[in-house]
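Consider the two complexes below, in which chain A is the common component and chain B and chain C are the respective partners.
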Partner chain A sequence: MSAVGRVQQWATFGRMWYLFDAKWQNPFHSADKIKDILTGTHKPIYHDLNDCGDHVVVINSSEIALPGVEWEKRVYFHHTGYAKGASWTLAWQLHHKDPTMILRKTVYSKLSKNLLRRGRMEKLHIFPDDKIPDSILENVSAQLRQMRPIPKRLDHYTREEVEKFPKVFDWPKDYIIK
Partner chain B sequence: MVITSPTLLARSRGADKYWKQRRILRLSAHYYGRRQNCYSIAIRSVRRALQYSTLHRRLNKLMYKTLWEGRINASCQELGTTYNDMYATMDQAGIALDRKILQNLAIWEPRSFRALALLTKAKQEEEGLNSLDGPVPAGVVTRGML
Partner chain C sequence: MTTKTWRLFWGSGPARIPLQNGVGRYVQQLQRITFKFCKTHGGSLGMREYIEKDLVEFARQNPGVVVYLKPRRHRSPCLKAEYLNGEDDYISTQKHTCEDIQKWVEYLRCRSGYPVEHLINYHHTDHPSIQGPWTPWLHRDHKLNVAQYPNEELSTAHKLEKTATEELMELYEKQKMLTEMEKTS
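Let's turn to the complex of A and B:
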């Protein structure tokens, strides 16, 4: 390696495309991570004037998991600008209308409020399921780790596994499980 | 004959008004509109600009500190550790590298930086603060004792 080439890092300025599987992920928690990628703060070369943000392709956004009572209690506000133009949409209603909207709005609100925000949002590609156009899929070069493991539901275990699971006690014969 | 020279000399003491104004207008030369050439308007902007520059001499240092910390943290997280852990380890191990040098290493000498990150991880593991494998802190009563 030559003395000049010792510190050559052309790939440093390469634009990466990350794939993120939003299945069973908390969108508010995931958005923190996605925001870092979009702004480029995950790189040591980051600077405010340096356009070093990467692309994020989010799949399965229709299967996000909101924590606690957020589906019923979280409200998205919109105003048309006219009199009586205010509207409040619950998270579950918004998710029915557009399954990418909750994640998109969350990332949008987490990004810093400046002229770069719209451009950074352009680097975010959200898909409700795992069907991605080939033009986008061919760019994807890395994957983001999921923020939390996907839990396995009881009905996903086989009957054999459930019966083999060690039980501490048996219910009484006359006990009715609610 | 009346000699006026001393009187006139006494009156013209101190900085000339013209040159005093030129001094200010030099600083406002790049401003827009009447702030550029009208003294009474220019002086306001120049005074405020000088106040800002005094204030921002401190804020500039703070800005660089946050930028460097962010960069070091980004590099650390790539390597599985954090800025705070590295900060503590550098202090303990007596490695006197400041933020400016560390962020330069992170950008230009990633392998040197990786060595420091590996040192951080080894030290943190040795202390065992973030794991259940480390030594039990004193004064904790566990089941085995009773």
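Let's turn to the complex of A and C:
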């Protein structure tokens, strides 16, 4: 193979590192997007026998937003293998124990169930906050767009902006707020 | 069924190379080649000619390959190749000419050491690409090359519709403008 051809092949199979900010994101929707990149199905060269998955670095996983009543109602099951070893952990409890676990479990369950599953999970790097080791950050060369906009909280507006905002409704003067 | 099991069962499979050899750098898979021949017999004539004419040049071109010569009386000549993965290959060169042996030596040198098997899929196209293969950096926005990560601008989701707050502000501005117009008129 010529030198140019060799570099061409090198470039085609080059591995990318994507950054994803999980702040205020639904982990179940985000996992669909992350899964495609871990398996490499977003590439035109994708093939079953072709190892072309990319790395994904997820930050702010402690600030994910579960929809509806999922925090209280979603249950994660674990069995130690011994008698009476079953345990059920609620999503909010699991998130309290390990803020990366919900996202990791979600991506793991969305990946196809075959021998490549563990290897693909190794390409997923989750961090609970925005502190990433330099050895990982130096590889990152692109960022994935979030799935939904982050709303601005009332306490993040300045006092001036809040006062300037048009008043839509006001209580009557003789109304007593309990 | 994994590809390995398929190969064991059918003796065929897709084309393969050991550990992406040749992408980046190439590691010589042929480790040792033994030329076995007779010094007197006619069947070894081509082999003796090859040894006289081309062997030194071959050894000089391939410093990673160990070359052995094994003369033995009244036995037919052959080539024995041993590879990095532990496999070996044997080729009888009885009554072969010097040119034939050159081709067989080249064949052994270029092999990966995996057993020769039927290819189940031939990668072939009548219309080879003019622009070259795709790469992850094809049609990539140039500003991404100098972007600092994490980057909020590249991260925020595309806004599809107005928020209630924005709509309210718009109504307020419109109302304010109307009252001002009434005042002036």
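Just so we're on the same page, the second predicted complex is superposed on the first by the 163 of 178 C-alpha atoms of A that agree within 3 Å, B and C clash if a C-alpha of one lies under 4 Å from a C-alpha of the other, contacts with A are read in each partner's own complex, and residues count from 1 in each chain.
Operating definition for what follows: a contact is a pair of C-beta atoms (placed from the backbone, for glycine too) under 8 Å apart; a residue touches a chain by one contact, two chains touch by 3 or more.
The model shown is predicted, which means the values in this text are computed figures rather than measured ones.
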Item to complete: Report for A:87: first if it touches chain B alone, second if chain C alone, otherwise both or neither.
Response: neither
Item to complete: State whether A:112 touches chain B only (first), chain C only (second), both chains, or neither.
Response: neither
Worksheet item: In the superposed arrangement, which partner chain does A:45 touch: chain B (first), chain C (second), both, or neither?
Response: both
Worksheet entry | Doubly contacted residues of chain A, that is, touched by chain B and again by chain C | 9, 43-45
Practice prompt. Quick one: which bits of chain A touch chain B in the complex? Just the residue numbers, please.
Written response: 7, 9, 41-48
Discussion item. Taking the touch rule as given, give the residues of chain B at its contact with chain A in the complex, in rising order.
Written reply: 67, 70-72, 74-75, 77-78, 103, 106-110
Fill in: Complex contacts: residues of chain A adjacent to chain C
1, 6, 8-14, 16, 19, 21, 43-45, 49, 54, 59, 115, 130, 137, 140-151, 165-166, 168
Worksheet item: Along chain C, where are the residues that touch chain A in the complex?
Response: 2-3, 14, 20, 22-24, 132-137, 144, 147, 149-151, 154-159, 163, 168-169, 172
